[in-house]
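Shared between the two complexes below is chain A, which pairs with chain B and chain C, respectively.
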Partner chain A sequence: MNKVKTFLSNLLKKDATKTIVTSLWCALLGLVLGFLILLLINAKDAAYGMTSVLGNYLIFSNPSDRLNYFGQTLAKTAPLLAMSLSILFSYKVGLFNLGGSGQYSIAVIIITLLGVGLNLPWWLVMIIAIIAASIWSMISGALKAFFNVNEVISGIMLNWIALYLTNGILTSTPSVWDSSHSEAFFIDSSSKSFIPSIGLDKLFAGNQIVGLGMILILVIVAVIFVLFKKTTIGYELKATGFNVEAANYAGINKVKNILIATAVSGALAGLAAVLNLQNGFTSWRLSSVTPEIGFQGISAAFLGGLHPIGVIFSSYFIVHITEGGSMITDLGFAPEVASIITSVIIYLSGFVAFFKEVMRKNEIKEEFNKMSRRKESQS
Partner chain B sequence: MSIVLKIISFLLAYICVLTVTAFGGMFSEKSGTVALSLEGSMTVGAFTAGIVMYLLPSSVPDGLSAVIVILTAIISSGLYSLLLALACITFKANQTLVGTALNILSTALAVVIIKQVTMTEALPVGNSRLSFMRFYEIFNFDLFGLQGVKFNWLVFIVLALIPILYVVIYKTRFGLRLSSCGENPASADSLGINVNKTRYIGVILAGLFAGFGGLLLITMNAEWEFANGASGFGYLALAVLIFGQWKPLYIFLGAFIFSLFKTLTIIYQQIDFLAVLGISSYFYLALPYVVCLIVLIFTSKKNVGPKALGEPYNKGKR
Partner chain C sequence: MKENYVIEMLDITKRFGNILANDHINIRLQKGHILALCGENGAGKSTIMSILFGLYEPDEGVIKKDGEIVKISNPNDATRLNIGMVHQHFKLVDTFTVLQNIILGEETLKEYKGNLNIFKKAFNFLNKRIFKLIDYKTAREEVEKIINQYDLNVDLDKKIKDISVEMQQKVEIIKMLYRHNDILIFDEPTAVLTEQEIHDFLNILRNLKKEGKSIIFISHKLNEVFEVSDEITVIRKGKYIDTLSAKDTSKEEISALMVGREVDVFKKKTKKVPLGEVLRVEHLIVVDPNSKKKIVNDVSFNVRKGEIVTLAGIDGNGQQEVVYGITGMKKVHNGAITLNNKDISNFSIRERIKAGISHIPEDRHKHGLVLDYSIYENSVLDRYYERQFSKHLFLKDKAIKEYGDNLINKYDIRSSGDGNTIVRSMSGGNQQKIIVGREIERNQDLLIAVQPTRGLDIGAIEVIHELLLKQREENKAILLVSLELDQVLSLSDRILVMYEGEIVGEFDPNKVNKETLGLYMSGAKKDQVNAIKENEHE
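Presenting the complex of A and B:
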């Protein structure tokens, strides 16, 4: 029993545990606030609405429907996971990637033109889309490295430029543009550009949007985890993020690392578009605001404690409640309630560092009390 | 002739939207807090004012209604910016993160609440677009009696603010104290200035100004789609603030350049030689942002921003 106790108290002292505990608190508080908003809007149906948001696919009684929508939720997690890795990667190097939406849009242009328009093989489309997004992101990196332009501002400007570029190019290409629905044509499952399902669809009641992409993203999570944990280049990247001046003094090339970080984070944002479009799930809709996923990626990255494993869970959670949110429209709630919940959660995750600090201070106090008690009993 | 007046009216309105919002951002950033949430504050000011404009019965006299609407816009966004102040100043949170969260939250709140307000038996989920023709007439007047050329009189309030703010920032004790908290909070503290309190004031002022900017933005039209938030004007204002180098006069000039290109996106089809070129409308829409990036390249090399911008003040590190 004592052993368990010491094990638990040691576990609580670990930094990772603290991050998990505080992140869970943030998620819980966000949900409570979301529930309060539902109560204010429509008290009668609030409880059922919240159950739908939280339950998502679980509210279906038919098991094959459940499996189907579970697969859909998983498949929609993959792009968000890619986007949150993009945010995470640049953040580790001390850059805030607010340009994720723009990088995503640029990849969308390539995927739609090459995939829908030319029907090229899926891997070729994927690679070109990722390279394009990566180059777009490096504009921000180059401006930062050579002209000292704040990457947050340039990222936002590039988001809007990419938005209009995407709208302009896609709407003026009749072979890919479905003008009656003001959206691009979808990549359907018979297309060569469709990411193969490699039999995974059988696990999810034949839902074909589940496929190779999900395995791909998990491999990338593992690579990023190892990169930052075990390799020299990962260490150098982190050092630049921690203290640019000190890293520079230690002979780490700042310019090179900024360019690498923006290139990789752009590539990951491009991958998000690949995973969203090349399974035939969505296509580009004519829009006057930048794609939401770039900002959702920020929520997922921070809620996941900026850890490659943590963001798997936070991305799933955010997609889960967003999907659940889309089911409550017939109760008279706007689906954007889910968006309120996620933004409250990101807001609260800003407090995580503070709460971790409080927990640490309490521990020191406890240690101190213990020591002084021991001293008293000795004398 | 009317086309020139039309250009001037749009130009003036855009300049004032950007200027007043960037002025708000200036108070926040000069005191040391990054003003990324300007977009969110504008959205909150705009949508609360929008709801009041939608619901206020026409029996309320025009002048009183206008005052109520203006007060709603600035007070609601002032209160909203308290969320930023609480997280970033008291709890020392990451300012970019919290700013982003508040921007997303503002649009989500706007859409959810407005859909609730516009919900009817026939339209059970509601609509995120509001129209307020009566207030469009109240806030805009015809100059020279020309059809289709409207001037928003809120712009004159903004124009009057420019010299006042110049004096407040550079000549008053409050302005100098505010700047000192963004430049060197430790020495400001040692001189007996309450750094956190001053920063709270800076952030709240940013909220008040941005709310006014949001109201001005939506009353340029007779209706507004709130799913678009403030259409990115808050971000533009932040860029204007940066390449205006945190100085009132430069901010005004920056807003002028920017508004020129923004106006072009609306008006180019009515200018003969531009319409003939047949360039895609998306080119004109992207142009202001491209210009902004280019200007930033030339103005960012020398770092002239407040030195302690973005750093929470920690007394223990003094």
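Presenting the complex of A and C:
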């Protein structure tokens, strides 16, 4: 019994455990607040509404429907996962990538022009889109590396430039623009630019959008995990992130690492667009706000404890409740209510760091109390 | 005649944990006098002044103002007693104007002219000050009066970030005068000034004295101390040594009192003839990008195999920048650096490390360690890429662990866990051992050690001294930067004294004493040296 207790308390002291516990707390708190909001709006249906937010595809009674929508939730997780990896990657090097939306938009231009317009093979579209987003992101990186311009500010400004570039280029290209809906044409599953399903659709009741993209993103998670844990490149990147001065002292090239970090995080933001558009979930709509995925990625990255494995779960969770939330409009809740609930939850996810700090302080207090008790008993 | 003391600090003792920072120190300041407080780095000068200004409370002892015992628990108490202090690092708001900085916290207020009665009633419970406006006009008049009286010319409307360090210091002085302070404390006021600026500053001190202010100023530059002060109090290693009247003493006597005469026991080093040259530095010049002052001014020297060459001097006289120049961490303005007959002046930091430089940096937290990395990870900080520790971009975890464990055992690095312990959680001494071990184990031709024993306890200091001497035995070239004269005298084969960016003397440790070194370090001998140089030219 005691053994179990010490094992548990040691486990609790580990940083990873703390992150997981706090992340779960944040998610739970968000759900409770969301429920309160539902209660205020429509007390009668609140319980059922919450069930459908949490249940998502589980509320379907037909097993094949369930499987179909489960597949859809998984597939929609992939783009958000890519975006949160983008945030995570730059964060490890001490940079905060707020330019994810802009990098995403630039990839959207390429995908729409090459995929919808020219119907090029999916892999070619993917590679060019990723490279374009990466180069866009390196504008911020170069400004930071050579002129010490804050990457957050340059990132935000580039977001707006990218937004209007995308609006401008796509609306003035009639072959890709569906002006009656003021959005670009979708890439459907018959197109060459659609990411192939390679037979995975059969596992999910024929849902075509489950495919290679999901496998690809999991491979990338593994690569990033190994990169930071096992390689000299990861060692350098993290050293730069933790302590630039010490890295400089050790002969690590700061400029190179900032450029690498921004290039990779831009590429990942571009990949988010690839996984969104080349799976036919969405297309570019004429908009005056930057794509929200860039910011959802930040929530997912922090809720996932900035860990490559953690962000898999946090991304899935966020997509899960967003998808579930989209169903409660049937209960007479306004569509905005779903957004409110999900954003409350996402918002609270940002408190992971805060809760961790609270836990740390409590621990110190306990240690202190223990020490003073020991002193008292000695004297 | 009975002396008229404005401030008496009697038997002040202050401990920080186990460290005795002040051990029964007495300071007596006479009205209208200038008292200089002298002592080496870490002697406890700043601590005793911080006590007077209320930043620390003494553990023992009393403070008297005009003969009456007072309690100063915080800077507000000090201000109430008309005690003001200019800290070594100025406490100014960069983005405020000079005038705003001067009146900050002591603003003259005026009533708002419009009708605010409703608001006033509603927010009656609030601090009344919030309904008032700052009366810049009256404040400006008052400040201008002070400026004229003491001849302190500053532009009141410029922002602090746009004016020079010298001007900032004047702002600090006006700040004290604006608060009607009579007792003015200056903590190393001349450390940041150029020679001409020091001259002007000393004139300001004389003016202040003439107007009846009493001044304490901390310095270890004896020239300026003797130029203005009436009394000199010397403290050493936290202990009160003596107070002398400046008229009746000499620079030689004060510098002897500052460094002390007792000889510490150090490991005896063997006689050794140095071999071939490893490092040669020629005409090195480093210019500070902000002040355009030459921090390192035309420095040349060499280090040979099997010798320890020490750059001695008071902190901030350019030693650090010489090291940055050699290791490539700072851009040099001019000069050539040769390592093993190879010109490395244009090499990157990494290339210099590979060419054969090991470096124990001064600031272990800023440069020496990645605090969030483990002992293992830090033990290969500047060599993780070597074939021994990595293959095709992959770190060899096992080799790193073995190497780190070896380091832990050999250098007695202690932590709460194993080599996976995060370095941030460790004590300073053990953190330093990681760096020292790492750099010595590299087995490079040149070892640069900057204050390698700073802040360590006696045991750790001894170990590091032994390690440095062992490196010397193994015919490594060692460049040591140290502020402690005992260390300098016992370890070095040659001593180069730096003052204001220049090497002002080279000494054989067997033929020089602390007093002479102290004189050179405080610049007292500089004029003589210059005179000799000029004679040589003729």
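Throughout what follows, the second predicted complex is superposed on the first by the 328 of 379 C-alpha atoms of A that agree within 3 Å, B and C clash if a C-alpha of one lies under 4 Å from a C-alpha of the other, contacts with A are read in each partner's own complex, and residues count from 1 in each chain.
In this text, a contact is a pair of C-beta atoms (placed from the backbone, for glycine too) under 8 Å apart; a residue touches a chain by one contact, two chains touch by 3 or more.
All of these numbers come straight from a predicted model, not from anything done at the bench.
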Winner by number of chain A residues touched, once chain B and chain C are compared: B
Is A:Ser175 touching anything from chain B or chain C once the two structures are fitted on A? First, second, both or neither. neither
Touched partner set for A:Asn362, first chain B, second chain C, both or neither: neither
Identify the partner contact of A:Val149: answer first if only chain B is touched, second if only chain C is, both if each is, neither if none is. first
Return first, second, both or neither, reflecting whether A:Tyr235 touches chain B, chain C, both chains, or no partner chain. second
In the superposed arrangement, which partner chain does A:Asn253 touch: chain B (first), chain C (second), both, or neither? second
Per the contact definition in the header, classify A:Ser343: touching chain B only (first), chain C only (second), both, or neither. first
Considering only touches as defined above, state whether A:Phe351 meets chain B (first), chain C (second), both or neither. first
I'd like to check the shared interface: which positions of chain A are touched by both chain B and chain C across the two complexes? none
Chain C-touching residues of chain A, taken from the complex the two chains share: 230-233, 235-236, 238-239, 242-243, 245-253
Partner chain B, residues of chain A touching it in the complex: 37, 41, 96, 98, 143, 147-150, 152-154, 156-158, 160-161, 164-165, 167-168, 171-172, 288-290, 295, 298-299, 302, 329-330, 332-334, 336-337, 339-340, 342-344, 346-347, 349-351, 353-354
Chain C residues within the chain A interface of the complex: 327, 329, 348-353, 359, 361, 366-373, 377, 381-382, 384-385, 390, 393-395, 397
Under the stated contact criterion, what part of chain B meets chain A in this complex? 36, 83, 87-88, 91-94, 96-98, 100-105, 107-109, 111-112, 115-116, 119, 124-126, 128, 225, 227-229, 231-232, 235, 238-239, 242, 280-283, 285-286, 289-290, 292-293, 296-297, 300-301, 303
